[in-house]
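Each of the two complexes below includes chain A, the first together with chain B, the second together with chain C.
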Partner chain A sequence: MSQDVINVIIAQSPALLIAIPLVFAFFCPFIGKISNTVRNIWVAAGMALTSAIALILAWDVYAFGTRIYVFGAQAANLALPMDSGGIPVRIIFTVDPMSALMQIIAAITGLAIILYSISSEQRHSGLSSFYTLYLLMITGIMGMVSTGDLFNFFVFLEILSIASAGLIAYRVDKGLAVEAALKYFVLSTIGALAILFAIGIYYGEYNALNIAMIASRMQFTVLDQVALVLIMAALAMKCGSVPMHFWTPDAYSMAPSSITAMLVVASQASLYGIFRVLFTLYNVTLNTATVGWIIIVLGVLSMVVGVTMAIPQKNVKRLMAYHAISQTGYMLLGVGVGLAVLGNQPLMDSFGYVAMEGGIFHIINHAMYKGLLFLTAGAVFFRIGTYNLNKMGGLGHSMKWTMVFFIIGALAIAGIPPFNGFASKWMIYESVYVFNPILAVIAMVVSILTLASFVKVFHSIFMGPKLPEHADVKEAPLSMLIGMGILAVIVILFGIFPEAVVNTLIAPAAHALTNQGAYISAVLGGA
Partner chain B sequence: MEIFSSLLSGSGAWNPLAWLLAFVVAAVIAYLIWARGERSYKKGTEQTAPFISGNKEPPKGDLHVRAGNLYWGYTDALKGYYERIVPLHSGDMNDYVLWYLGITALIMVIVVVFS
Partner chain C sequence: MFFNIPYIAVVVLALIGLATVLFKRNLIKIFLGIVILESAVNLFLIALGYREGGIAPIYTNAPAGEEMVFSTVQALTLTSIVIGVATTAVMLTFAMVLWKKYGSIETNKIRRLKE
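For the complex of A and B:
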C-alpha cells in the first residue's frame, strides 16, 4: 500500500469509522442471499476493517493529538467556515484520547464478538438481519464516542437503541425476549426524548449544537442545570445505574450472549456521554462537589445493589447482568471522585487524577472481562441449552477451555491479582480512600461479594462429577474459543502490564476529559 | 523498561511482575512438598473410591450441590434486606419508568437547589 493511500485512510478515518459498518450493514441482506458462508465472511471483513480503522485513528490521536473531522467542508479541519458567523455549523467529529479509548474498546470487543457469533448463531435463522443490526450497533457506538455535535450524538444514540432493541428481541423466546426489548426500547425512547429536550435548551440559549461551541459559552443558568440533569439522568439510566437499572437484567439476560457482551460496550458509550457532558460541556462551571457526589452516590448504589442482587440469582446471565451494574458503579465512583475535586488542583494532583484514571481504566477492563464472561455463558448455553444454574454441573470435564476462560474472567471481575480488574480497582481503592475511606471500604466489600458470587457460578457450572444429562457435551467450537481467547489474552496482558496501559492509553484519556480548554481550542482554534 | 515499572497511586505502588515472581516461588515450594508425598497412591483404583460407611454411593448427579443450595445462609441472614429490594425489581415497565422519572426529578431538585 502506497504512502498516499495510507495518508488518505488516516485523513478520512473518522468518516470511514462510520461509513464502513454502515455500508457493510446495508449490503449484508443482499450478500446473505448468496450463501451463509459468504455473508459470514462479509460481516467479519466489515468488522475487521472497522476495527482496523478505529485502531489507526486511535493511534493517530494518541500520537498527534485531537483530530477534528468536518463533514462536507472544503477541508476536513475547517470547523469555522467564513460565512458561518463564527459558529461551527457542520457536523464535526472531535476525536480526543478519551474518544479514541472508547473506539479501541468497541473495536476489540466488536471483532472478538463477531468471530464468536459465526459459530454461536449458526443454528438460527434470520442471520442477515442479525448481522445488519449488529453492524448498525457498532455504527451507533462509534458515532456516539466520536461526534463533537450534540444533535449528532442523539442520532447515533437512537441508531444504537433501535439496533440493540432489535437484537435483544432477536430470539423471541416465547415472547420474553420481545418483552425485554420493549422495556429497553420504551425507556431508551423516553431517555432520548429528555436528551433531545436538553439539546433544544442548549440550541435556544447558545444558538449552537457543537459541544465545543456550547462549552465556550456555558453560563450554567437554571436552564443549563435542567438540561444537565435531563442528559445525566437519561444516560445514567442507559448505562444501568441504580436505581434506574431495572431494564438491564431483563435485556441482558434475554439477548443472545454475543449481543449481551456488546450491550456492555453500548452501556459504556452512554457512560462516556455522561463524562463528556460533565467534563467537556460544563467542567468547573457546575457545582462540581454536588454533581460529583450525585455521581458517587449513584456509583455506590450500583455497586452494592448490583452485587447483592447478583448473589441469589439462578440464571447465569441475569446474575452476570447484575454484576455489570455493580461494575459500572466502580466507574461512576472513580470518575465521580475526580469530578468532586475538579476545581481543586492540589486535590486533583493528590488523588483526583488517579481516581479518574482508575474509573476510566475500569471501563476498558470491564468491557474485556465482562464481555468474556458473557461469551463463556453463551458457550455453555450453546452446548447444554439452558442458563439455569440449577441444571448445570460438571462441565469442567468436557469444556476445559471455556472453564479456563471463565476462571480468567471471574478472577478479573473479582479484582484478584494479577488480572486487569485488580489494577483498576486498586487505583480506585487507593485514591477514593484518601477522598473518603468509607467509600473505599464499600468498594472492597463489593469486590469480596463479587468473588463469592463467582465462586458459586464456577462451582455450579464447572465443578462436581460429570452429570448424566451432560454426558455428551463437547467443547465450544473453535471460532467461539478464538473470540473468548482474544478477550482473555487482553485481560491477562492488561493485568500484568497495567502501568504501560495507564501511561499509554488511560492517563491521556483522563487528562483530555478534564482539559476543557484544549477540547474547545481544538475545534474553535481559540476562537 | 516502562512495562516492568510499578503502577503508582500517589500513596502506594503495585507491581504485578513482583507478585507473579512470588507466586512462582510459592508454586515451586508447593510442588516440592507435593513431590515428597505418598507414592503408593494410584488414580482410578479402589483407593480413590469414596467410602460412605459401607453405604452404596448415590448417583453422581445427586452428589452435585446445585446453585439453589449455595449461600442459603447468606440470603437468609439478609432476609430483611432481600424482602425489600427484590420486590422493587417487579418486571413492570410502569415501575421502571416511574423510577427513572422520580430519580430525574430528585437529581433536578438537588442540582438546582445546591447550585
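For the complex of A and C:
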C-alpha cells in the first residue's frame, strides 16, 4: 500500500509542487483566524511538504532523466494527443536536471526562511497575508523553473512579481517600503509585458507555445531576434543585472530580511529563464559568440559596478544588495563564456563546460550564502532595530552565533576556502582564464574588493567594545538560529565536498542545459 | 495593406503607453500608460489569432468542412487581462498608501528612498 502511495506521489510530483503551496496559501488566512501558533505550524508544514516533494522530484529527475508532466492528459507523459497532429496542445511541465537544481535551491532556502521568519516576524501584525504571499512566491518560483510552456512561464512570473511586490511593501515603514515596491512592480510589469509580446511573436511564427516545439522549429529570423532582445532585457532587469539594476538595492533593503533572502532566489529564477531561453529555445541557431559576449559584458559590468557601489554604503542591507548584483555577474560571466563557445565541441570540452558548471554552481552557492547574510542582517536588526552601520558595534559579545554565521557567509561570498563560494569562483577563474585572461583578472579583483567590503562590515557590526546603547542585546531567538544554521551547514558542506556536488548536481544540469536535442526529444519524442 | 492595420495600432498604442510611462510624473498617469501598453499587447495577441472566415471552435455548432479557429490566443488574452486587472489593483493600492503617507503622488515628490 505505502509503495503505491509513494509511486503516486512520484508520478504526480510536478503538479503537487505547484498545488501544495497554492492550497496551503489559500487556506492560510482561514487557519490564521484560529490562532497564531496553529497558523505557524500550518505554514511550516506546507513549506516542508513542498520541499519534500521538490527533493523527491529532483531525486527522480537526477536518477532517471528528464520528466514531463502533461496537465489534463490521460497519462502524465502523453505529450502529443493522438488527434493533434504532433503538436503538444496541453500545458506541459518539463523538469530536467537544470530545473531540478533550481527546485532544490528554492526548497532548501524556502524552508530555512520559514523557520527563520516564525521568530523574526512574530512582533508584526497581518501575518496571515504575509505567509499567504510567501507561499505564493514559492509557487511562482517553482512554476517558473519547471514549466515547459512559455505562456505558463509568463503567468508564474506575474504570480511571483505580485507576491514579491506585496511582501516588499509589507512593512510600510512611513511609505519608504511602498516606494521601493512600486519601483520594482512598475518595472517588472513592463518587463512581463515585453515577455508576453515576445511570446506573441513566437506564437505568430511557429504556432506553438511549448518551449520544445518552438525550439525544434526555430529559424532565428529578424522577428526571433526582436523577441530575444525583449525577453533578455526583461529577464536581465528582473535578475538585477547592470544596467537595469536600480530597483535591486531599494527593494532588497526595504523588504523584511526573510523576504530579501527569498528575493535572491526569485532573481535566480529569472536568471534560469535567461539560460533556458538562450540554451534551450535558441541554442546554436544564435550567433553564439556575439550573444555570449553580450552576456559576458553584462556579467562583468554587474560585477564591477555592483562591488564599487557597495563599498560606500552605510545601510548594511543596501550594501549586501549591491553585492548580490555583483555576484549575479559571476553567474552571467561563467554561463556567458559557455555560451560563447557553444557548438565548438573541443573548446566546450576544454573549458566551456567548466565555465558553465562554475556559473551554475555559483547560483546555488549564492542562494545559500547570500540568503544567510541577509538573514544575519535581519537578526541584527531584530535585536537593535537599525540597519545603519555607523550605529552598530560590539555586537560580537552578545550575538556570538549570529557572528559565526556572518563570518561563514562573508568568507563564502569573498571566495575564501574552504567555503562554497571559493569552489565555484575557482571553477570560473580557471576556465575563464583560458578563454580570456583579462576577464579572469577582473573577476579576481572584484572578489578581493568584496572581501575588503565585508571585512569593514564585520568590523563595524561585531567588533569593538560593547556599546552602552546595545548593553542589553541578546542572541537571536532559536528558530532564527536554526534557519541560519541550515544555510550555514550547506555553505560549509558544499565548500568541503565541491567535487561530489559538482559531479552529482551541477554537471548534469550544465549538460542538460546545453543539450537542446535531449530536451526536445523528451517532449516531442524521437526528433 | 488593410490586414496590417491592427499591427500598426499595436505599435502606436505601445509607443503611447511607453511615452506616458517615461514622461509623466503623476503615478496614476504612469499606471494608465502601463494599462495602454497592456492593451497593445492584448490587441497584438488577438490580431494574431484572427483567421479570415474562420468560425468559433464549438464542435456541436460547426458545419462540416469549415475552418475552425484554434482558440489558444483568445485564452491567452483572457488570462493576460485577468493578470492585468490584478497588477493594476496592486499598483493603485500602492498609490493610495503613498498618498496617505506622503500627501502626493507626483514621482518627483516621493523620492525619499535615496537619502
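As a convention for this text, the second predicted complex is superposed on the first by the 525 of 527 C-alpha atoms of A that agree within 3 Å, B and C clash if a C-alpha of one lies under 4 Å from a C-alpha of the other, contacts with A are read in each partner's own complex, and residues count from 1 in each chain.
In this section, a contact is a pair of C-beta atoms (placed from the backbone, for glycine too) under 8 Å apart; a residue touches a chain by one contact, two chains touch by 3 or more.
Please read all numbers here as calculations on a predicted model, not as lab measurements.
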Touching partner for A:Ile190 - first (chain B), second (chain C), both, neither: both
Touched partner set for A:Asn503, first chain B, second chain C, both or neither: first
Touching partner for A:Asp60 - first (chain B), second (chain C), both, neither: neither
Partner chain(s) touched by A:Leu182 [first = chain B, second = chain C, both, neither]: both
Chain A residues touched by each partner, larger count belonging to chain B or chain C: B
Which of chain B and chain C A:Tyr203 touches, first, second, both or neither: second
Chain B versus chain C as contact partner of A:Gly166, first or second or both or neither: second
Contacts of A:Pro417 with chain B and chain C, given as first, second, both or neither: first
Contacts of A:Gly393 with chain B and chain C, given as first, second, both or neither: first
Which superposed partner A:Asp250 touches (first chain B, second chain C, both, neither): both
Those residues of chain A which chain B touches in one complex and chain C touches in the other: 182, 186, 190, 250
Complex contact set, residues of chain A against chain B: 182-183, 186-187, 190-191, 194, 220, 222, 225-226, 228-230, 232-234, 237, 243-244, 246-247, 249-250, 286-287, 290-291, 294, 305, 308-309, 311-312, 314, 350-351, 354, 389-390, 392-394, 417-418, 423, 426-427, 430-431, 433-434, 452, 456-457, 459-460, 463-469, 495-500, 502-503
Sites on chain C touched by chain A in the complex: 14, 21, 27, 30, 34, 37-38, 41, 44-45, 48, 72-73, 76, 79-80, 83, 86-87, 90-91, 94-95, 97-98, 100-102, 110-113
In the complex, chain A residues that touch chain C: 151, 155, 158, 161-162, 165-166, 169, 172, 174-176, 178-182, 185-186, 189-190, 193, 196-197, 199-200, 203-204, 209, 250, 254
Residues of chain B that touch chain A when the two form their complex: 2-3, 5-12, 14, 16-17, 19-20, 59-61, 63-68, 70-71, 74-75, 78, 81-82, 85-86, 88-89, 91, 93, 95-97, 99-101, 103-104, 107-108, 110-112, 114-115
